[in-house]
Amino acid sequence: MTKLTFPVLIINMKTYSESLGKRALELARVAEKVSKDLGVCIAVCPQYVDLRLVAENVDIPVLAQHADTVDPGAHTGHVTLEAVKDAGAIGTLVNHSERRLRLDEIRMVIEKARRLDLVTVVCAATAEESGAVAILNPAAVAVEPPELIGTGRAVSREKPEVITRSVDLVKKVSPNVPVLCGAGVESGEDVKRALELGAQGVLVASAIVKAPKWEDKVREMALGLLPRR
Amino acid sequence: MTKLTFPVLIINMKTYSESLGKRALELARVAEKVSKDLGVCIAVCPQYVDLRLVAENVDIPVLAQHADTVDPGAHTGHVTLEAVKDAGAIGTLVNHSERRLRLDEIRMVIEKARRLDLVTVVCAATAEESGAVAILNPAAVAVEPPELIGTGRAVSREKPEVITRSVDLVKKVSPNVPVLCGAGVESGEDVKRALELGAQGVLVASAIVKAPKWEDKVREMALGLLPRR
Amino acid sequence: MTKLTFPVLIINMKTYSESLGKRALELARVAEKVSKDLGVCIAVCPQYVDLRLVAENVDIPVLAQHADTVDPGAHTGHVTLEAVKDAGAIGTLVNHSERRLRLDEIRMVIEKARRLDLVTVVCAATAEESGAVAILNPAAVAVEPPELIGTGRAVSREKPEVITRSVDLVKKVSPNVPVLCGAGVESGEDVKRALELGAQGVLVASAIVKAPKWEDKVREMALGLLPRR
Amino acid sequence: MTKLTFPVLIINMKTYSESLGKRALELARVAEKVSKDLGVCIAVCPQYVDLRLVAENVDIPVLAQHADTVDPGAHTGHVTLEAVKDAGAIGTLVNHSERRLRLDEIRMVIEKARRLDLVTVVCAATAEESGAVAILNPAAVAVEPPELIGTGRAVSREKPEVITRSVDLVKKVSPNVPVLCGAGVESGEDVKRALELGAQGVLVASAIVKAPKWEDKVREMALGLLPRR
């Protein structure tokens, strides 16, 4: 099942060496296994060179980490949404804090992705930015205070108001756009708290990619998405 | 044989839809066939998402179209040289006119590629730029006056002095760096003329990618690289 | 009176040679004269090198055309808001179609300007972008479909729905933020129509800067801002 | 005397608040006084908004800190060389480590400056980059290892080989282009050493701008340019 459903755990493999090539596929398979075990949507974002490899071999949603706005043609060294789609991905992250885009580019990528039946998960640094990108109607907004990324200090613990204000603002302008959150999220407990604050999923990178045992960590986080019993 | 040798025909697939995915592989196989038939080095530059697919399936040099300077790590949406290498490419184009880089980035990519045993073919817009990048000791310099790219008006016919001056300048500063040329090159005759002017190969995109019969066009161009008999 | 009030006519001098140096000051004096004659707010946006010259010599609002997000310090070749303020400007255009910014930069400039008591007039390409930047609470939003800029085909005639939808969206998210419009606006009639559509002013460049008689054209446009009698 | 002559002391005011507005003029006047006292060329690089103010009021060379490649026209928020010239500057720094440019932009700015009778002092991070930009024939090359900028550890003490190799490489490709150096230079002794290594001047920022007594520090550095008696 390769459609994005919510709540969702999105694993951003960044350009970590731990998740390159064969290991990208391994990690994706772990995600697929846990996703099936728990019945929870888990998506992965491999590096460009691994998109096709991963998408062809797992049955979970695969997203690119970024795509350019250009159409197919004479654009050496760019990443078109058409290529992303051809590789088997169902969409892309947009405007990640490590790959920020101009506002007009964000809009153009969202619009073009919609025409190509691709989804966009657009990152935002603050609640205000969450609202701003929500107006452009992406598939989801992921709010990540950049100062917490990679720190292990989870946004859901350290800055819960960023999540609640994002949820409020997004609800006001585009009620159907789910809000995800990221930055410092590293435990199942962090994930649970995020959902209690109104988020419909999390975007995670180092906490999983650099975990000693991928399956344990993915399972822990995915369990955080499930309603408390 | 996946080492870059000279003279060389480099086929830049850009982000053309005609050379995406399966068709990238087809084109690469055509290049491989002609390369073996004629004993001439032909390299291909597929899109990122096709790098691995192509490199795993043909026995000719595969280059990326661009690579970022960042090391593996928290760099969402970037292309590391490590990823390029892992995908099976032997190096990358650098500073193509559609993906220009800062001078310090060009230097850093060349230096890092050298450490990783990857080759760099660095593009330049003018003879002076050819000299400038040659000082940084890439595997080759490819001079392409941007105003001729994609026009069908070959640099070797329209601006032969750009080639001869590039060759002179590069010889002066880095005698071992071969000069290639591109821009508007579309026939075997254009290729021959380029070699007569001192170039040791050509960088071609649309003339091949958009040719009605790939094999005929690749063969025609590759023949242009062979010494007149 | 150097505060921005609405309705407003903002004259963007771009980097036109017709409005550089002494001529920037001349144009600003024409704007000042018409502003006083008609009791209408007219602001000017000179080039960086002319900001101080103009601001010291006229009594109308002066805006920069762009400012960087960096604070004072080791940032060679940048334009700080502190420098803009020191030069006597009351604020800056942000995200003009010829100087697009990343979303996070737009937010940071708006926030920082607010702290420094400077105003920001943030440009947007579409109604959706207007809504997006309005959420960030700038002093005003200026919607300009880039494809009409400099064409003489006024947005208020050619794409009136861009203005009305911008006004609606901005009202929804930030009711106190006035919407201006630009792109192709070249007559007093275009200005009137813009106001009828809900805009509270216009952003004009070539129509005034390249007019044979500046005063006539500025007066014509400013009159378009006045309520019909 | 507003021509650049060598040896030269170039004072980069960056966007420091200590050298903004009135204080930029004060610092420029100090430089002018010391320059006349000692008969040594001292140039200053104020912020854009201060270019005209400074150039109109001192009789020493004034340079911009950066200029864009665009021609006058519809380029909101850019800095044209024409504006730099109109403001009274005799040229510009290019490619400073805090404002790196693409190689083709460096070439275009140098070429355009030459047509406008403006000088370009092009920064480089390494000896190889020094050689690369020297081929493009700027008025001078300024080599500054970025890792030493602002540290107080002078390039002439810490990495003397960067200077000597730059001088050698530049001599080889463009014998008439003087090499300056910068980064960490903070005393007259550092300046002397730079000249002994073959440099024909220094590019200094914080060591002067943040000095408690501008005149003392400027004099100390300028004295370092004079031949030992």
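When the chains are written out, they are named A, B, C and D in that same order, and each has its own residue count from 1.
Keep this in mind: contacts are C-beta pairs under 8 Å (C-beta built on N, C-alpha and C of every residue); 3 or more make two chains touch, one makes a residue touch a chain.
On a predicted model such as this, the values are computed, not experimentally measured, just so you know.
Trainee: Computing the C-alpha centre of each chain, which chain sits at the greatest distance from subunit C?
Mentor: That would be chain B.
Trainee: Once subunit C is fitted to subunit D on CA atoms, what angle does the rotation have, in steps of 5 degrees?
Mentor: About 180 degrees, rounded to the nearest 5.
Trainee: Just curious, how far off is subunit D from subunit B if you go by their C-alpha centres, in Å?
Mentor: Centres of subunit B and subunit D (C-alpha means) sit 37 Å apart.
Trainee: Could you work out how far the Cα centre of subunit A sits from that of subunit D, in whole Å?
Mentor: Chain centres of subunit A and subunit D, defined by C-alpha means, are spaced 45 Å apart.
Trainee: In subunit C, which residues are in touch with two or more of the other chains?
Mentor: Within subunit C, the residues that touch at least two other chains are 97.
Trainee: Applying that definition of touch, give me each pair of chains that meets it.
Mentor: Taking the chains two at a time, the touching pairs are A-B, A-C, B-D, C-D.
Trainee: In their shared complex, at which residues does subunit A touch subunit C?
Mentor: So the residues of subunit A in touch with subunit C come to 95, 97, 100-107, 124-126, 128-129, 131-133, 135-137, 169, 172-173.
Trainee: Using the touch rule from the top, collect the residues of subunit A that touch subunit B in their complex.
Mentor: Those residues of subunit A that touch subunit B are 12, 14-17, 20-21, 45, 47-53, 64-66, 70, 72-80, 82-84, 86-87, 93, 96-99, 149-150, 205-206.
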